[in-house]
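The next block holds one structure in the form of C-alpha cells; read it before the comments.
Letters A, B, C and D mark the chains in the order given here, with residues in each chain numbered from 1 onward.
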Amino acid sequence: MSPELEQCPRSLLVCEKGNFKNEKSRHESQALKHSFNCRISLLIPECGRLPVMLEKVLSNFSSYFHVQDFPVSTFLEEKWLDAVKKGGFYALSSKTRIDEDNVVAVLPSGQLILSLDKDTYEQLGLEGRPSQYSHRKTVRHIVTVDLKSLVLGTKKYQRVLLCLKERVPLKTDFLFTAAGGAVSLLDLLSKQLYEECRPALHCRTLQDLLCPSLIPSDLKGESGSVTPTQFLEWLGAVSLSISCDNQATSFLSTYACPEPQSSVSQALLCTVTGLISPQDVCKLLTEIRRYLDEPKLTSWVSLTVHGCADSPVSWGSAEHGFHKGGENFYNFVCFQNQDYWLHMATGAKDACPP
Amino acid sequence: MEKKPTPYERVVCKNTSLYHYMKINLVFDSRNKSLSAEQFKQLIITGLKDLYGEVGAAFPFDVLTFNQTELSAILRVYHSSLVKLWSAITLIGSYESVSCAFRVTQVSPFLLALSGNSREMEVF
Amino acid sequence: MSVFMDLNITAGTDKAKLQSTIETAAHLGYSTVAINYVVEGQKKKQLIPTPQPLAELFETFPTVQGKSRPIKVLNRLTVVATDASHFRPTNEYKNFDLLAVHPKTDKLFHAACMNYDVDIICISATEPQSFHFKRSPVNGAIERGVFFEISYSAGIRDPTMKKYTITNAVNLISVCKGKNVIVASGAEAPLNLRGPYDIANLGLIFGLSEGDSKAAVSTNCRSVVLHGETRGTALGIIHTMKRPQLPTEQPEEEIPAAKKAKTDDGSLIV
Amino acid sequence: MVRLKARYLLCEVCMSERSMLRLLEEKDIFQAVKTAVTTAHGQYGLALFNIGSAVRYVNAYTGVVMLRFRKAHYQLLWSALPFITSIWKQGQRVPCFFNCIHVGGTIRTCQKFLIRYSRQQLFRMLPHCKTEAEKQQVRKAVLSCSLNQLRQDDDDDDNDDYDDDNDDDDGK
C-alpha cells in the first residue's frame, strides 16, 4: 500500500545498564535532569503490602502549589529571585499546551524558559531562538532568561522587567514545587491565592501475575530473554490492567506476556500523581536500593517516572515538543545486586535523552 | 562475595516500537447504547473495510482493554497501519444507523506512556 | 504551532444543536470556531443573513478543554457561487468575521483565486469537482494569502461522500503542494466533529505531510483569521495602543549622554 | 507547466473463451478495474482511482489493454488488479484474469514493448501453424512489425497513431 501512509513520527528509546555502586554512574544526574514529573509508578513483585520504609518516602513527597493567573513578571521580584538562586525551585505553567500556547517554566538551574507563539514573541521583544521543531515558518520561539545572573537594578534586569511587565504581561496558571527545604514556597506565595496539593498515592495488589524473567546482564534481550520494548510494553500492560493471557488466534487481542515468563503470586503497584520533584524521585530510588539490599523473594523492582507532556523541556534544558503525543518518561529497573537498567523514552519532538 | 559491577552499557534505539497504542472511546447521542467488545472491534473493522477495502479489513490490531460502561478501549496496532486505522476510526460516523463518534484520547508508541498522560490528569 | 481552530460549523436553525456543537468543539480542544452561514447563489434575491449575536448564543462561553480560557466564536459567510453575479461584496458581508466563497465553475474558481476579496475558498466535498485545479490560480491564491478549505464531515454523515472528499482533497493538495490548506469540519451536529489530532492524522491521507496537516488545523487557521481581520483595509492592520510610560528601546552599546537625559523621565534606570 | 506523471500498465486479459475477447470494450474494463479497486482498497482506493485513471487502449484481438494511473498511487491501484476475476459484459459474467506484462512511464515505451512482445508471441505461434499459408502470414506479420519498429524509432514525437500499427499484424 502507499508507503507514505506507513510512516510514523519518530520515537526514541535509550536503554542503559549499569551499577548503582559504580562511581561514574549517572543514574542520579539523569533523574535530576528530568525536571517536571507528573506521575511515578512503582512495581514490586512478590510483595503484598507497601514496605514501611518506602511508604514513608512516598508519603513525604513535597507538596506542590497551584496558583491561578500568576504574572510571570513576579519571578523578577527580589524575594523570588533570591529563592530561585537558592536552587531546588520548580515552576511550570499549567493548563497551557506546548503545541498551542505560551508555556513558561523555571528550572532549578535558575533558567526561566518561555516557549512562545509568534504573536507573543514578536510583542515581547526579548531575544530567543526559534523552536527546533518548526515547520515551514517558525511559529514558536524559545526565550531563555537566566534568573541567577540577573541582578536587581541592572540594565538587563530592567529590560526583562519591562518586557514582561509592560509589553506582554503574561499571566498563566502555575504549578510550583520546591525541593531540599532551601526555599519556602509558603512564604513566597503568601501574597497569592494558592492551593496546596499533596501528591496522591494509590496502591493496588495484583494477584497471580505473569512476569517476564529478567536477566540483569542481558539488557538488549539478545540471549533469548525479553527485549527492552517488550519489557516496557509489559510494564504498560500491567499498569493499565491489560490481560496478558491471550491465544494467538483470539479475535479481540493477541497480546501475551513475553517469554520466558514466570508466575508471581502477587505484586504491588503504587502510583503517585502530582508534580513530583526529581529530588523526591532520587530519594525514592535510594530507598528502593536499600529495600533490595535485604534478602527478598523478588530479584527486581521497577520505578517508572512520567514527565509532563506540556513541559517545554524534557531532560536538562533540551527542548520538548508535542506532535501527536508528548511522551517523555524513564524507567529504572533495580536489581538485587545493585545493577540497574534505565530506559528513557521520548516522542517525535524531543532531543535524545542524556 | 562481591561480584564485579556490571559494565556500563548504552543503546540508543530509534523507532524501536513495532506497535503504536491508542486510547479511544466511543460516544453516542443517547447514553443507553451498549455493545460488547466483539461488536466494538467489528465496528472498527467495518470502518476499515469501508475506507480501505478488503486490504484494510485485514489489518491486524488488538483490543487490549475494553470498558463496556464507558465504551473506552486501548488498541494496539502495527506502526505501519497506524495512520490508516486512525483515519478509518475518525471517519466512522454511525453504528447500526445511530450516529456515533470515536474520540481519540492519546496515541503513543509506548504503552507505558498511556498510563501517565499529564493532559488527562485532574490535578493539572 | 498556534491554537487549534475549526472554522466551519454549520449554523443551521436549531440553536440548541449549535450550542452543543460548540460545546463539543471546546471539549475537543478547539480554541476558536466559526459559525458558518451559507448563501446559495441561485435564487435571485436571497437575503444575506445577519449573524446571530454571539451574546444570545451563550451567556458564558464554554471553557476549552485543558485550558482556563473560554472558546472564541467567529461568524463566517460562505457564498456558493455558480455565476459571477452571485458574489457581490456588499456591506452585509462586513457583518462577518470571515468570508468564504464556494466556486462551482472553472471561471469562478479562477476569479476567486485571483480577484475576490475573500479569506477562504471552499472545495466541494459532496460531488466530483467539475473542473481541474490549475496551478496558476492556485498559486495566485497562495500568494494573496487566501486559503483552501477541505471539510470532512460530509464523509462522516454519508459514507459514500468519502470518495469525493478524498478525491478533491488529493487533487487540490497535489497542485498546491500542501500550502495554504485548512481542514474544517462543516459539522451540523456534535457527533460530526472530530478532535484536532484526529484531523491532523486525517490530513495525511489527503496527501499532506505531518507538519502541513497539523498546520491545517492550527497555524493556517490563524492566518485565515488574521486575513479576515485585515480584509477591507488596504494592506494590513495596525493596532495602536497608548502606553504612556513606555520609554524607547535602549540599544545595548554605550548610550551617549544626550540620550541618557531623555530617558530620565521614563522608568529606565541607567 | 509541470507534467503530471503517469504510469501506464500493459495488461493481458486472459479469458478461457477467446471468443469473448472480441466483445471487450473500454468501459467494461474500466468498470471491472474500478470495482476491483473498491473491493480491495475501499473508498480511499476509489477516491485515488477517480483521479486521472483511464483505459487508454484495448485490443480486442489480443486482449491487451493499457491502463493509465497517476504515478503517485499506481502501486496501490495495481495491487487491486490481481483480484479481478471476471468482467461483466451484457449482463453476463465472463471469468477472466489480468496479467500485467509491462509498466511504463510513457505511452511510447509501452508501445515499443508491446511491439517486441507481440513479435515474440508471433514467433511462438510459428511452430503451431498447420498450413503453409498460415506460416507465411505469420512471417509477414513478424516482418511488418519489425519494419514498423524501425519506422517508429525514426520519428520521435508522434504517438497518437500507435494503435493502428499492431492491430492487424498480431491478429492471428
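Here is the rule we use: a residue touches a chain if its C-beta (ideal position, glycine included) is under 8 Å from a C-beta of that chain, and two chains touch if they have at least 3 such contacts.
No experiment lies behind these values; they were computed from the predicted model shown.
Engineer: Per the definition of touch at the top, where is the C-beta contact count highest among chain pairs?
Structural biologist: Greatest count of contact pairs is found between chains A-B.
Engineer: Taking the mean of all protein CA atoms as the centre, name the chain whose own CA mean is closest to it.
Structural biologist: Smallest centre-to-centre distance to the global C-alpha mean: chain B.
Engineer: Using Cα averages as centroids, what's the distance between chain B and chain D in whole Å?
Structural biologist: 44
Engineer: Centroid of chain C to centroid of chain D, CA atoms only: how many Å?
Structural biologist: Comparing mean C-alpha positions, chain D is 47 Å from chain C.
Engineer: Chain A to chain D: how many Å between their CA centres?
Structural biologist: 61
Engineer: How many angstrom between the C-alpha centroids of chain B and chain A?
Structural biologist: 23
Engineer: Among the residues of chain B, which are close enough to touch at least two other chains?
Structural biologist: In chain B, the residues touching two or more other chains are 50-51, 55, 83-84, 107, 119.
Engineer: Multi-chain contacts in chain D: which residues touch at least two other chains?
Structural biologist: 41, 43-44, 79 - these are the residues of chain D that touch more than one other chain.
Engineer: Using the touch rule from the top of the page, what residues of chain A touch 2 or more other chains?
Structural biologist: Residues 1, 5, 95, 97, 324 of chain A touch two or more partner chains.
Engineer: Contact residues on chain B for chain D in the complex?
Structural biologist: 48-56
Engineer: Can you list the chain A residues touching chain C in their complex?
Structural biologist: So the residues of chain A touching chain C come out as 4-5, 9, 68, 95-97, 99-101, 117-118, 125, 135-137, 139-140, 153, 155, 158-159, 162, 166-167, 172-173, 323-324.
Engineer: Within the complex, which stretch of chain B touches chain A?
Structural biologist: Residues 3, 5-21, 37-38, 41, 55, 60, 62-66, 74, 76, 79-84, 106-119, 121, 123-124.
Engineer: Enumerate the contact residues on chain C facing chain B in the complex.
Structural biologist: 28, 66, 152, 155-157, 159, 162, 189-195, 197-199, 201-202, 204-205
Engineer: Applying the document's contact rule, which stretches of chain A touch chain B when the two form their complex?
Structural biologist: Listed in rising order, the residues are 1, 5-8, 10-19, 21-22, 24-25, 38-39, 41, 66, 94-95, 97, 175, 197, 200, 216-217, 219-220, 228-229, 232-233, 235-237, 239-243, 246, 251-255, 273-275, 304, 306-310, 324-327, 329, 331, 337-339, 345, 347, 352.
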